[in-house]
Amino acid sequence: MIRPQLAIAGLTACFGCQLTLLNCEAELPDIADRFNFTYFPMGMSSPDITADFDAALVEGAVSTPCDLETLVTLRNRSRLLIAIGTCAIFGGVAAMCNEEPRSRLLRTVYGPAADGLASFNPAPLERFVTVDFAVTGCPPERGELLATLAALLRGTFPALPAYPVCLECRSRENACLLIERNEPCLGPVTRAGCNARCPAMAVHCEGCRGPVAEANVAAELELLIAKGVSREELVRRLRRFCPEWDYEQRA
Amino acid sequence: MSSVLKISPLTRVEGHGTVHVHFADGRFDRVELAFVEAPRLFEALLVGKRFDELPEIICRICSICSSVHRVTSLYAIEQAFGVEVNQQTELHRELIVNGGQIESHALHLFCLVLPDYYGLRGFADLATVAPGLLQAGLRLKAAGNLIQEMVGGRLIHPANLLIGGLGKPLTTAGLHRLRSALQEVLPVAADAIEQFASPLLAEVSLPFPSFMAVANRPSHSGGEIVCGNGSSFPIVDYRNRLTETIVPHSHAKQCTVSGESPTVGALARLNLGARLGPVAIASLNRHGQKLVGDGITANSLAQAVELLAAVERALEIVELLLAAPPTDCMQVAVTPCQGTGTAAMEAPRGTLIHHFAFDSRGICTATDIITPTAINQGAMERDLGLMARSLEGVDRQELARQLEMLVRAYDPCISCAVH
Amino acid sequence: MRPFLPEERLGSLLALLGHWGEVYGPVTTGDGVTAFRPVSDPGQLRLEYRRTLIPPKRFLLPPRETILTYSPDAGYQPLDTAQPALVLFGLHPCDLQGIAYLDRVFLEGVVDTSYRRNRQALTIIGLSCEPDEFCFCGAAGADLPAGCDLFLQRTPAGFFVTAGTMKGEEICDRSAQLFTLRQPAGTTPWHHPLADAICRGCAAGETFPDNPLWDRFAERCLGCGACSACCPTCYCYDVLEQGGLDGQAAERLREWDNCLFKSHGEVAGGVNFRRSRRERLQYRFLHKYYGFGALRGVISCVGCGRCRAVCPVEIDLAALFEGEDHDRQ
Amino acid sequence: MTGSDSSMIPFMAEIVASTPLSADTSLFRLRLDQGIADYLPGQFFQLSVPAGGEFPVSPASAADGGGELEFCVRRVGQVTSHLHSLGPGGRVGLRGPFGNGFPVAEMAGAQILLLAGGLGIAPLRSLLHYILREPERYASVTLMYGAREPAAMLFRDELVALARQERFRLLLTVDFVRDEPVDGRVCTVGLLPALLRGVKVEPAATWAAICGPPPLYACLVAELASLGFADERIFISLERRMKCGVGHCCHCALGQLLCCSDGPVFRYSAIKGITGAI
């Protein structure tokens, strides 16, 4: 068995993906025993980004030159690069207004001082580097992160669900919010793996795990528009975690 | 000849920060604390969104305090639309905020600060050097997370807390599970306090902080913010009292109150008379001296006391909910209207303020978010300077270590500060 | 004259059934969903229920279950923990037929060890039903549908009781003191026109290749998988293996798969044998009405109406049998 | 290796040798911990890599009454990569054999035409070894094997050596040759169906067996038909997604047939009318 050298880094994000690792309380001592946290500023001092890594787990979107530098450095130094979390894979919440000029958003927050800030539209890692594997979620599920670490010990990746939230939602015997309550649930177009956490709480899926493979976006829009939700609202909701959808896509 | 000591990145804190200490001719010149976190611009992202989307988005500011961000935004929105929630909903909200407090304090104390007591790199080394203590901390942390996951439906970024009520209340079985989990860790929390009783930092005299906190927990929008000098002001008046300025080297705005840099957080709350349960009061009495006399270096100890208090309060809430089990989803209908809402709550790291304005359709037209670490930024930078000056001549590596520990004493949450 | 359980003695029967395992029956959950849940008193039972959201297959083929464990010393091993005994109370004929179908898949020919373990833990009590607008089974009204240990024919005053297996007889013997004897009123067998249309269509080998409904279905199917998840005879599964954090042990899991998912026909190298949604819907159609492999020629649709009820976009494959005019807007 | 439990629960085997055959394909020789490896050419096993998963694979060897067997595996995805990362001594699991192999009894006495494309050589090598163990039972064997390029040609040396036998005729072809000189090339350049066109066969006295990548089947079948082969005399080994191997998991249907239990070797006449079968 190998003892992998890990880099864990956050770019433009809320640190929830890294926190999810630290939230694996029961497994943390085992994890500490089996991995070297060579670069993990949030958890360990004296981080060394110049080491050779077996895997780099990167959280967050890329929105500053600094982010990009960290990302490229880790890509060059790591055998595997793993995107963790919706932001790293799709852009995430920070990218929800990417259709607006960045400068306007910056000025809304910082006023004239905004002009000195080096900040561009948040984009997923894949836009800049090759990504070997991805664990989605906002935040990712503990179980999926642990399965990924366990697989890394053997030099592979786990099989994670690629089907829509609805399957898990139905098998939990939740009431369907879309059918029963006409709510704009994004379960049909969202990737499962969360065991339908939100519908289980009677809260419609907000799509935090990003688009499912082959989402029938057009049919989902038609269905919800027929139920009285405005297209504008639907587009806004879809964009919350992933700014780029093909609204015409059926297959 | 000038030189710079760069601490970059700051480690064992949430977010990206750096400290640069400038020396001129070998003498200390000045210090710059920079929160270099990439701004996500939440205050701009929220504009144009419908009111019910705000809580779902805003909790993403920060993973560690997502629960309290969510709850604060609910209160602010409810204030704007004149919505009042029932007691059961209030209790669920208070419970999750306590769960967040337990998780956050346990994470900070046991995973991020504790390694300093042993001169270690971090939690992974504790697993071999002090496994029992790490385990204890993780058990506490897990209890906090259990609350957050059960009440919120999702551990980070809770989904279950809604404007006007809840998706689903806790079940009796769930409450029983929480009760036994909390009862198990209550003694662990009590023991933990001793561990953080002795301060870590070099004895440098730092000015006594000017504390600030929300008067009561949980705070309703009608509440007040109190300051160490005895003054107080209504939350809704925050804009006239707090001044936010943009610092050139940091992405977080810096906050002052009448020209002073306030200190918020656990120590501030204890000094300003937070309401505590009997078990926490007993331990507070044992360490009261340090907590009022020592300034920021006692913040970890204050967090340890609060950790105990949060477990105690969470248990109390569980008992209250068990005594009157919630039956329905308790969602109050919300009719949006033009208006503004402001709410402040005590997040684990201190005072958090949300302010929103809505048009008649309930679309958000303006937002303002003030976070604890942004408030603490000024005091933190001031103290770093004072410490660097007092330790002049000390080995640079040791100086860096001391300064990083000082930053950690404030328990900064940089992703909140920059948002 | 036949054994008859007066309505007010249902509670005593439930208590007695506890002897064969924890009793699960149809209840309404907090969400307003009908589901099989543990029941202790008859007041919780919804005897007039139409269908549960998820069929009883979940007790035989759970949505996700560990089937094997691996350790370097012992190799692959089946789970050694015993499956707790369960009594499923109040299954309608369609669901009984569903279980009978699954039994044929997993117990005839190559026996699936996990399925057998779960099946052996079950005692099954059937209950007659009242159809609604979604049902179209042809079996309602039958005296003793296949696959149950005991069947209860419901009348306003109570239930006629028929034993279907040795175990059922044993239950009858043990509860004899609860029964009276009554003359059964003749039940009228009930036939849904759709069931007839399906039988006729299948007998003729119809696959409606040119029906325009296929394209309309394919266009709006969300691929959400609800139809198969809720079908009592859909049993496709996927198998996953997960290593432990110790780097040694591993677990093999299986979970429900779904022929409407893109990955269902996909093999390495990006080749997909059912690339379009239309092909996938046709695959489902073929499986439901014509059967695969050893069960070739057996209609697996039991007419419970679940897929028609749960599809968010109102796709109903049975509509193909309903003639030319249906669904043409 | 029969009975329901051995169909569902893998038995363990050890990798005794792994030999690279091309850039992405290796030959794995496995020794069962217990028992004898008995199977017919064309049948398949489910091979488990602990903690990685399971995949269907046909042996590339012919059963020889011993406890060893060979698999020729291309590294294409998760589990196959995991297998490739294991060296000799590595532990794997096996379930099977499953499905129907080539009807070797029926084939006896006739001429045999094996048509392999790429990795499709694996089950046909099993059949070839089976036949060449008692070559006198067959009139003749012809193997026509097409690979993408010379470097992707598997078992070339072995096949060339076997081709010294009298009854065995070998024809190799590659789709293209890159600029680099290919020493001692023993193959032609061109696609398999084109090569087939130029060969002399007696369709009525020959059994044809095909295995290769999906696009190959339709062309080869058409070519064979134009040479006068009856549909009944063509055997095709098909690939589908498979999880169980025993007709339960329902991923592998073609029409109403299941590839795992009704196949994977099908007589062309049995699947001719099925849309999407080839």
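Read from first to last, the chains carry the letters A, B, C and D; within each, the first residue is number 1.
The definition used in the following text is that a contact is a pair of C-beta atoms (placed from the backbone, for glycine too) under 8 Å apart; a residue touches a chain by one contact, two chains touch by 3 or more.
Only a predicted model underlies this, so the values are computations on that prediction, with no experimental measurement involved.
Enquirer: Could you name the chain whose CA centroid falls nearest to the centroid of all protein CA atoms?
Expert: The chain sitting closest to the overall C-alpha centre is A.
Enquirer: Of all the other chains, whose mean CA position lies farthest from subunit B?
Expert: Greatest centre separation from subunit B goes to chain D.
Enquirer: Measure off the straight-line distance from the CA centroid of subunit A to the CA centroid of subunit B, and report it in whole Å.
Expert: A distance of 24 Å separates the two centres.
Enquirer: How many Å are there between the centre of subunit A and the centre of subunit D, using C-alpha atoms for each centre?
Expert: 42
Enquirer: Distance-wise, how many Å sit between the C-alpha centres of subunit B and subunit D, to the nearest whole number?
Expert: The separation of the two C-alpha centroids amounts to 64 Å.
Enquirer: So which stretches of subunit C touch two or more other chains?
Expert: Touching at least two other chains: 240-244.
Enquirer: Which parts of subunit A, given as residue numbers and ranges, touch two or more other chains?
Expert: Touching at least two other chains: 31, 150-151, 154, 159, 202.
Enquirer: Which residues belonging to subunit D are in contact with no fewer than two other chains?
Expert: Residues 51-53 of subunit D touch two or more partner chains.
Enquirer: So, with touch as defined above, which chain pairs make the list?
Expert: A-B, A-C, A-D, C-D
Enquirer: Residues of subunit C touching subunit D in their complex?
Expert: 67-68, 70, 72, 75-78, 105-106, 109-114, 235-244, 250, 252, 254, 257, 259, 264-269, 271, 273-274, 279, 283, 286-287, 290-294, 296-297
Enquirer: Contact residues on subunit A for subunit B in the complex?
Expert: 10-17, 19-20, 22-23, 25-26, 28-29, 31-33, 35, 37, 40-47, 60, 63-64, 66-67, 92-94, 96-97, 104-106, 108-111, 113, 116-117, 119, 122, 138-139, 142, 194, 197-198, 200-203, 206, 208, 233, 236-237, 240
Enquirer: Which of the residues in subunit C come into contact with subunit A in the complex?
Expert: These residues of subunit C touch subunit A: 29, 31-33, 35, 53-54, 58, 63-64, 219-226, 229-230, 240-248, 256, 258, 261-263, 276-277, 310, 312-313.
Enquirer: Write out the stretch or stretches of subunit B touching subunit A in their complex.
Expert: For subunit B paired with subunit A, touching residues are 9-16, 36, 38-41, 43-45, 47, 49-50, 53, 56-57, 60-64, 66, 103, 107, 111-112, 115, 121-128, 131, 134-135, 138-139, 141-142, 145, 153-157, 159-160, 162, 167-168, 246, 248, 251, 329, 404, 415.
Enquirer: Which bits of subunit D are touching subunit C when the two form their complex?
Expert: Against subunit C, subunit D makes touches at 4-5, 7-12, 33, 48, 50-54, 76-77, 80, 91, 93, 214, 239-241, 243-244, 246-251, 253-258, 261-262, 276.
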